[in-house]
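In order of appearance the chains are A, B and C, and numbering begins at 1 in each one.
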Amino acid sequence: MKNISMTAAQIAEIVKGEIIGDAARSVTGVAGIKEASADQLSFVGSRKYADLLGDSKAGIVLICADLVKIEKPESTLIVCKNVDAAFATVVAMYADVPPVFEIGIHPSAVVSPEAKIGANVSINANAVIEAGAEIGDNTVIGAGCYIGHDAKVGADSIIYPNVTIMFRCIVGRKAIIHPGVVIGGDGFGFVPGPQGLIKVPQTGIVQIDDDVEIGANTTIDRARFGRTWIKSNVKIDNQVMIAHNVVIGESSIIVAQAGIAGSAELGRGVILAAKAGVNGHITLGDGVQVAGTSGVLRSVPAGQTVVGAPAESQREFMARVALPGRFEKLSKKFAALQQEVEELKAKLAEE
Amino acid sequence: MKNISMTAAQIAEIVKGEIIGDAARSVTGVAGIKEASADQLSFVGSRKYADLLGDSKAGIVLICADLVKIEKPESTLIVCKNVDAAFATVVAMYADVPPVFEIGIHPSAVVSPEAKIGANVSINANAVIEAGAEIGDNTVIGAGCYIGHDAKVGADSIIYPNVTIMFRCIVGRKAIIHPGVVIGGDGFGFVPGPQGLIKVPQTGIVQIDDDVEIGANTTIDRARFGRTWIKSNVKIDNQVMIAHNVVIGESSIIVAQAGIAGSAELGRGVILAAKAGVNGHITLGDGVQVAGTSGVLRSVPAGQTVVGAPAESQREFMARVALPGRFEKLSKKFAALQQEVEELKAKLAEE
Amino acid sequence: MKNISMTAAQIAEIVKGEIIGDAARSVTGVAGIKEASADQLSFVGSRKYADLLGDSKAGIVLICADLVKIEKPESTLIVCKNVDAAFATVVAMYADVPPVFEIGIHPSAVVSPEAKIGANVSINANAVIEAGAEIGDNTVIGAGCYIGHDAKVGADSIIYPNVTIMFRCIVGRKAIIHPGVVIGGDGFGFVPGPQGLIKVPQTGIVQIDDDVEIGANTTIDRARFGRTWIKSNVKIDNQVMIAHNVVIGESSIIVAQAGIAGSAELGRGVILAAKAGVNGHITLGDGVQVAGTSGVLRSVPAGQTVVGAPAESQREFMARVALPGRFEKLSKKFAALQQEVEELKAKLAEE
């Protein structure tokens, strides 16, 4: 972290916040609310972490308006409209500059003379670029990466080390691809044959549009035919599995270890939380949200949130979760009613 | 895609289908039913996609017998017994030839003089092959692959880039292994010791028989002793985890993100759908099918299908899924009965 | 496996076990109880595998005290206090020595002159080590590994092939890291912006303390700020996903395909079974155990075991599992009660 001293006054001006306490208080770094010391800045963005604010030793704390009533004279508080964004701004000021990858082709890289390399490209040690591949201007190809025959990576992208992009696949501009990602392995398709399973040829490609980020060790399979298509501004976390012929709409967010089966289609702004699974050949409309660990079996209309395996509405899921408790109550009421009926029977027999 | 023009008559002859409409209609490519244009062929293999057929602009559509009643004069239909297989045949005719990997050892590859390399082998850029390793005839070792000491890869196999096969592991003939696969990492075993966890040595190997395909970033651990054993014709999708000493029977299918814990044994023709988990030390009989996201805790006899976590029969699972609705009904009926009993009590009191 | 002949007497002395049968019986190897032949040793550590013992052809079998009553004159039995540990001891005696990686820097490796390499280090073929990186004494860096700028790997560690450790991340002493692991990819964080999602800079590191083992293709993301922190003696299986700013306490065990969301904090000795998921920003106390495939939404106090998605106590989970059966019973009893009420009504009407 950079060692810069900043006062609460300076920071409040940058994040457009309002100071409660000593405006001259200064910090030299940032940290989480539990770990921050008296010379560090931290943040609390929600009332539910009010206790953490109370216990914190941080010199300056960015807080949301909900927390202004908390007395904390030993720290300077800065009230922000959007605490997350404000903290990100301060973090960025203290952040070390990430390493710069040297422009040029490292002598150990193996670049086909039939590949087309743009201007200001950095191709790092032991990377392999096959014939017909194209690398856009200003793009970094990390150490140990493999860019297959006729594959394309757009301009201004960073492909981190040990990424594999197979033949003919297309990655757009401003991509960020983390280590271990595999783009363009074969889709998974077999038909039963007389002597075992017969492979269905996977002849399509993967097409990834602009401004897409892909997390470490994620895999995106090539289409059976045509393309597996990740549209622009989609953000994919680590260890996500995207099968052949899947389409993911603009600005969708796919969290870690989620999986999408073959030919499923996701609209714009869909969010799959961690470990969610989506069945093949179904459609999730624009803005659909899927809770973590859910398994979505059927298509979901735009705007809905689903949860569970098989996935259902939140209301249905909550009812399911509450079922054991309600069952116990009903059982007790049933036993009481049985007793009443017994009493009635006895009474009737008496008469 | 190859640009070949074919008529419905020619295609119908190849796929042994029956033409409905203009036999002279021609196409120059293939596409999905939603995307296909008037000069492309597509397919609809099930009645449930009848609407997609109605809306399609495809020039020629391969259909199943269930769909013959649909009127679609603007397209030529070809009725096929097995639409999937027929479409795969046409796709293969239009498919671009995949890139060919040059025979020989790339100068940047590091091949031990004590490794044994077969005839017509292609060892690509920056691959590393250790002492004692053996590579069978006609096999491709992709760029950046690592083949450990005394490991063996059979003839006619393709190992895509950046695959790791650790020491002494054995891969059979006609294997297809996608990028990022790791074969022969240590099994996961520890025993509590006086000063923390003590590693149990993992001294066995992974043995993979002939005709096995393994998807990107899948991991198969070496045995604690003996072997982790993938039998012939098994097909494994991406990001599957197979633990130490697991045995998988012939022609089984393991779909993406499934996991099999240590020493579990799967019979022939088992299917694990996506994200399914199988407990350690249990047995799944021949032909067992496990639904996606299920967690199988106990052994399952041959031929059964299980679903859920913990996995149970389909009938039991459906009953569980239906439970909230049935509970609501019972609750209402219970309230009504309570009312009746109240009325009886009142009546009896009157008398 | 080494071909050493040992007698039951010799083995019993080593494992401190008690012989039942022929002490002169000898074996030349080890195998699983189902596969072992007359010249091999095997083990049965629990009464539930008694049948396997009965059917086994193994020459010598290590057994637990629970099994002493089983008559098996064709094998020599050795009764052990801790069968697992005893078997591990024998396995280790028969285990082939793993390959030795030559000390020195392979000529194909690309090591920055600004990296700091310790004594007796083995840097293998095509590994890449960037400026400012530090490799401790006696450590092995496998073929194709990438060690980023200013990253540190401690002494006496083994980093297997094709591992990626990104800039500034820190790995402790005696680490074992299996192939395909990615340490220090960016954490996953975005905020909605006017023209799509805006990346939140991930400026922290990953810090891994001593004696940690990490399974193949696991990913551990760098912190948004500060560190993602894996404390000493933690053991992580394959394909585990650990998000930014997670903290994992000493001697915790994270089994395959588990995932931990951002800023979650795990205490000492926590066990996450396979495929378990842990929500972000929650705390699992010391010794918490999470069953396989569970999804933990809320913090869990020390010492508790949770199961299910959303995770609950074992008692609650068992009640949930039992619900369909109990519902059927209640439904029947309800129908009977309805009948009784009908009869009462009829009787009352008669009067």
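FYI, a residue touches a chain if its C-beta (ideal position, glycine included) is under 8 Å from a C-beta of that chain, and two chains touch if they have at least 3 such contacts.
Keep in mind that this is a model prediction, so the values were computed, not measured.
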Interface residue overlap between copies chain A and chain C, same or different (over half shared) = different
To bring the C-alpha trace of chain B onto its twin chain C, one rotates it, in degrees rounded to the nearest 5, by 120
Approximate Å spacing (C-alpha centroids) for the pair chain A, chain C = 24
In chain B, residues with contacts to at least two other chains | 108, 126, 144, 162, 180, 217, 239, 257, 275, 293, 309, 323, 327, 330, 334, 337, 341, 344, 348, 351
For the complex, which residues does chain A have touching chain B?
-> 108, 110, 126, 128, 130-131, 144, 146, 148-150, 162, 164, 166-168, 180, 182, 185-186, 188, 190-191, 196-197, 199-201, 203, 217, 219, 221, 224-226, 239, 241, 243, 245, 257, 259, 261, 263, 275, 277, 279, 293, 295, 309-310, 316, 319-320, 323, 326-327, 330, 333-334, 337, 340-341, 344, 347-348, 351
Could you pull out which chain A residues touch chain C in their complex?
-> 1, 30-32, 35, 84-85, 88, 91-92, 94-96, 98-99, 106, 108, 124-126, 142-144, 160-162, 176, 178-180, 211, 213, 215-217, 232-233, 235, 237-239, 250-251, 253, 255-257, 274-275, 292-293, 309, 321, 323-324, 327, 330-331, 334, 337-338, 341, 344-345, 348, 351
